[in-house]
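Below is one structure; the comments refer to it alone.
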Amino acid sequence: MKKLINKPDDVVTEELQGIEAAHPDLVRVFYDPHYIVRADAPVQGKVALVSGGGSGHEPMHGGFVGVGMLDAACPGQVFTSPTPDQMEAATKAVNGGAGVVHIVKNYTGDVMNFEMAADLCRAEGIDVESVLVDDDVAVQDSLYTAGRRGVGTTVLLEKIAGAAAEERRSLKEVADIAREVNANGRSMGMALTSCTVPAAGKPTFEIGDDEIEIGIGIHGEPGRERTKLKPAAEIVEIMATAVVDDVPFKQGDQVLAFVNGMGGTPLIELYVVYNEVAKFLKGRGVTIARNLIGSYITSLEMAGCSITLLKLSDELIRLWDAPVKTPGLRWGV
Amino acid sequence: MKKLINKPDDVVTEELQGIEAAHPDLVRVFYDPHYIVRADAPVQGKVALVSGGGSGHEPMHGGFVGVGMLDAACPGQVFTSPTPDQMEAATKAVNGGAGVVHIVKNYTGDVMNFEMAADLCRAEGIDVESVLVDDDVAVQDSLYTAGRRGVGTTVLLEKIAGAAAEERRSLKEVADIAREVNANGRSMGMALTSCTVPAAGKPTFEIGDDEIEIGIGIHGEPGRERTKLKPAAEIVEIMATAVVDDVPFKQGDQVLAFVNGMGGTPLIELYVVYNEVAKFLKGRGVTIARNLIGSYITSLEMAGCSITLLKLSDELIRLWDAPVKTPGLRWGV
Amino acid sequence: MLAVTYDDVVRFIQAYADVIAEQKDHLTQLDSAIGDADHGINMNRGMKAVLAKLNGHASGDIGATLKTVGMTLVSTVGGAGGPLYGTLFLQLGAATSGKSELEPADWEAALAAAVDGVIARGKAELQDKTMADALVPGRDAYRAALEDGASFAEALRRSAAAAEEGMKATIPLVARKGRASYLGERSAGHQDPGATSSWLLLKTVADTWAGD
Amino acid sequence: MLAVTYDDVVRFIQAYADVIAEQKDHLTQLDSAIGDADHGINMNRGMKAVLAKLNGHASGDIGATLKTVGMTLVSTVGGAGGPLYGTLFLQLGAATSGKSELEPADWEAALAAAVDGVIARGKAELQDKTMADALVPGRDAYRAALEDGASFAEALRRSAAAAEEGMKATIPLVARKGRASYLGERSAGHQDPGATSSWLLLKTVADTWAGD
């Protein structure tokens, strides 16, 4: 295992120390338990957004804490859901009296931990609304599984719901907008290589030199098919078809196209992929009104990408364009 | 070779098509020859900044074209200097009558191609000032070599000189500020893994599973030493010592600390590295006044990082903080 | 053996921590086949934290100590295992609150509450290829053994044996809960890591309390 | 052979493109040892572009055609090789401007101008482990051969042979120019890729014009 770390057990804590040292103007970091809040938390009268999940997906979620996006993030150990005490402490720290939205990616661990946390918070009189993100079309037969995983749409949802909260909308409104984003967003990922969880020390899965995994999860969960390496155009065709047919996105729709790198993918490849996505959507008569290209929801050093499409209303566009100032996403300010 | 591409020969062109499709609000892309200019070029009365270099270092340089940074970028083939006709065409396209600065990383190919281009441009009556970036302390005995390579400082220089140009400073002033940045910036890189040039199809160098290369160049050029994998703290100690002792940075200095990923390095590791850099500089009494953490000057999918330190004056801080709006770097607007 | 003392409970907790430490890589390995390669790491982090927490804090109250174990697991394990094992121990604790000894019927009630808690938390049904597939037969076999008039020790041994069978029976199953469910048919042929750590729990109970 | 015709020059250019295509991997391999693994790829891209450019454009003017080759290389090769080989052909072209035939002395002058151009562009000195280490002996041997009274063909063969020796002599050298110089002592023991492509150039001249 080759990583720029010290001891595997210390990775998450040291990452947090790095974030604390780097962005004191944007965030404050707490260690017992682990959570990150925006520098000016709690913002009185504003609905607060709390998310969290296993580490290893940076910049998500810690990198999205700041004005216009999350109020707090709870980082778990690498690829391991954080714990209810983190979520409870974070929720209390950012509660500005207008209620708190928990943004939960649909993984059994995250769901159960956030459930326990929400119970604890409600018992203390804090209004908590939980919003589940489950946008991964790679998971089929979702009736017979834990359901679709939460992946790329999470980033877009955190941005858009964050903008709504910044406008001082009510708890219900912010949660509804978040759910609207989830309902209109779909993703699919693929991997060229595996990643290695630091504490495990060896690759999560084996994959041949000429193989790719289509439909990969962000923790290296297996996808729909293991296939031979293909040209980018064919890979995009497979993934984008699955995504587009699922909502379904129709001719004339406006979308946000998000091409995401898995952590080990260079930007040059993401632009090649984006070019294919743009051609594909043009062929389907779907207009890309906004886009995001980069590594925003990652799987450690995994090479690969995911494609997320979010159907946009004018309102969602407005909220997407609103200023955001976080370590990982910034514009308009 | 596993990459998200179609044909190796088409990578650069398709990447440009992706950039064109993604950022029509920020840039315009030309194909014969290849160059990228900011959407509103030429800006009359403003000194224009043109840079360029081999592709494979994305977002540098194409991702830095836009308001407050570069007016144009010329992408070569992967890891291969662009050609004088590209530079000449780009220079003409962005010349707003106040002269053009060519920002040239110190590689033999880049230097000679930019030299030929500058000759062509001057012959057509355009005032061109060339600024060389040569900040890589890994290159020793620079008297007996082609000199130090241009690496991380390039990103900071393009941002700061871009801000100066935006203030309508003169050609000489902008070039002088750029040279001041180069004089006060030093970098050193390291690699955990090699990268593979698409057209070559196999890794540029071999490296053992437990080895790292300290002092690596951004094209995989060998560094100062091949050594066993070490903890991040030790790696940072070696690199930061070489950087700090070279200017030298002294107690009380204010610096911009730039921790850069080589393309295949996940952000979680960059924050672990930044944490070590912050501790190291604290130990030396050097204050980090600004920072930049992310993959901005990359070597395809190479895993590794570089550390750049730039000694800051109040003036450089002000220019660094000025608004910038490019695909790869954005704030204040 | 007619009843389990406070010290027996502490010895069980310590022994379980040892077993988890020893089986850490094996559990992680099982999780890497159909999950995300962290079950052993997570459980071991949790049980190490439990040991640190209990160290020198002998309350004498079995229920209070088991609750502490549960709280500690909840806040240190994370993932699916954290809430599930946390709930398991919290429920064991709630059912044994204030007790300094456990008689066979006390353990029957505690185990029933713990298994109910895990099922309420995770909503798994039998054959979903989860912890429940080891815990439910373990609970049922214990109860049946007592009804058959078996000794406490014998009932614990049958409980562990039934859990082991349940665990092995997860191998051919297609997972329908948790991360392994994403694999669909491909999850068949692998033993469930959570069922394995649950068998280890009931086995450790038997080994500690019904030791020869 | 007393003089080289326009067609001979075109045949040389075509043959050099073929040789580069054939040696592409070898040149890239040499560059991967002490450079960035692109010399063959770059030169091949350039010579392919040259063929496309020349195709059907027989001007009859040797100088004009060689200049076109140079311009094309400048705008397609990139890296260090582009300006250097571009300059080499531009200077060959400038020295032979308007000619439809080259006599031995014409080639002497053209080669001298080309080598001067490469040195002016790259500022390499002998033994810096660059193209110059093949080109300079190639030029000198050609001149010396003519002075010795050798035939055009023989002079071209000696030129190629001297370039080959110069190329081989780069092996032990420590590079002081270009990318290989970053390697310091570690550049010793490897043959310089640019010296190799330069030898191939002079060898192709000899093979094409002094063919048996």
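When the chains are written out, they are named A, B, C and D in that same order, and each has its own residue count from 1.
Quick note on the criterion: contacts are C-beta pairs under 8 Å (C-beta built on N, C-alpha and C of every residue); 3 or more make two chains touch, one makes a residue touch a chain.
What you are looking at is a predicted structure, and each value in this text was computed from that prediction instead of being measured.
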| item | value |
| --- | --- |
| Euclidean distance of C-alpha centroids - chain B vs chain C, Å | 55 |
| Computed distance of Cα centres, chain C from chain A, in Å | 32 |
| Euclidean distance of C-alpha centroids - chain A vs chain B, Å | 29 |
| Touching two or more other chains - residue numbers and ranges from chain B | 78 |
| Topology of the chain contact graph, where touching chains are joined (line, ring, star, complete, other) | line |
| Listing of all chain pairs that touch each other, if any do | A-B, A-C, B-D |
| Residue numbers on chain A that touch chain B, as the complex places them | 2-7, 11, 14-19, 21-22, 55-56, 58-59, 63, 78, 192-193, 209-210, 212, 229, 231-233, 235, 263-275, 278, 288, 291, 293, 295, 298, 300-301, 303-305, 327, 330-333 |
| Touching residues (chain side chain A, partner chain C) in the complex | 33, 54, 76-86, 107-109, 112-113, 115-116, 139-141, 144-146, 149, 197, 199-200, 204-205, 217, 219-222 |
| Sites on chain D touched by chain B in the complex | 28, 32, 35-38, 41-42, 45, 74-84, 86, 121-122, 175-179, 181-184, 186 |
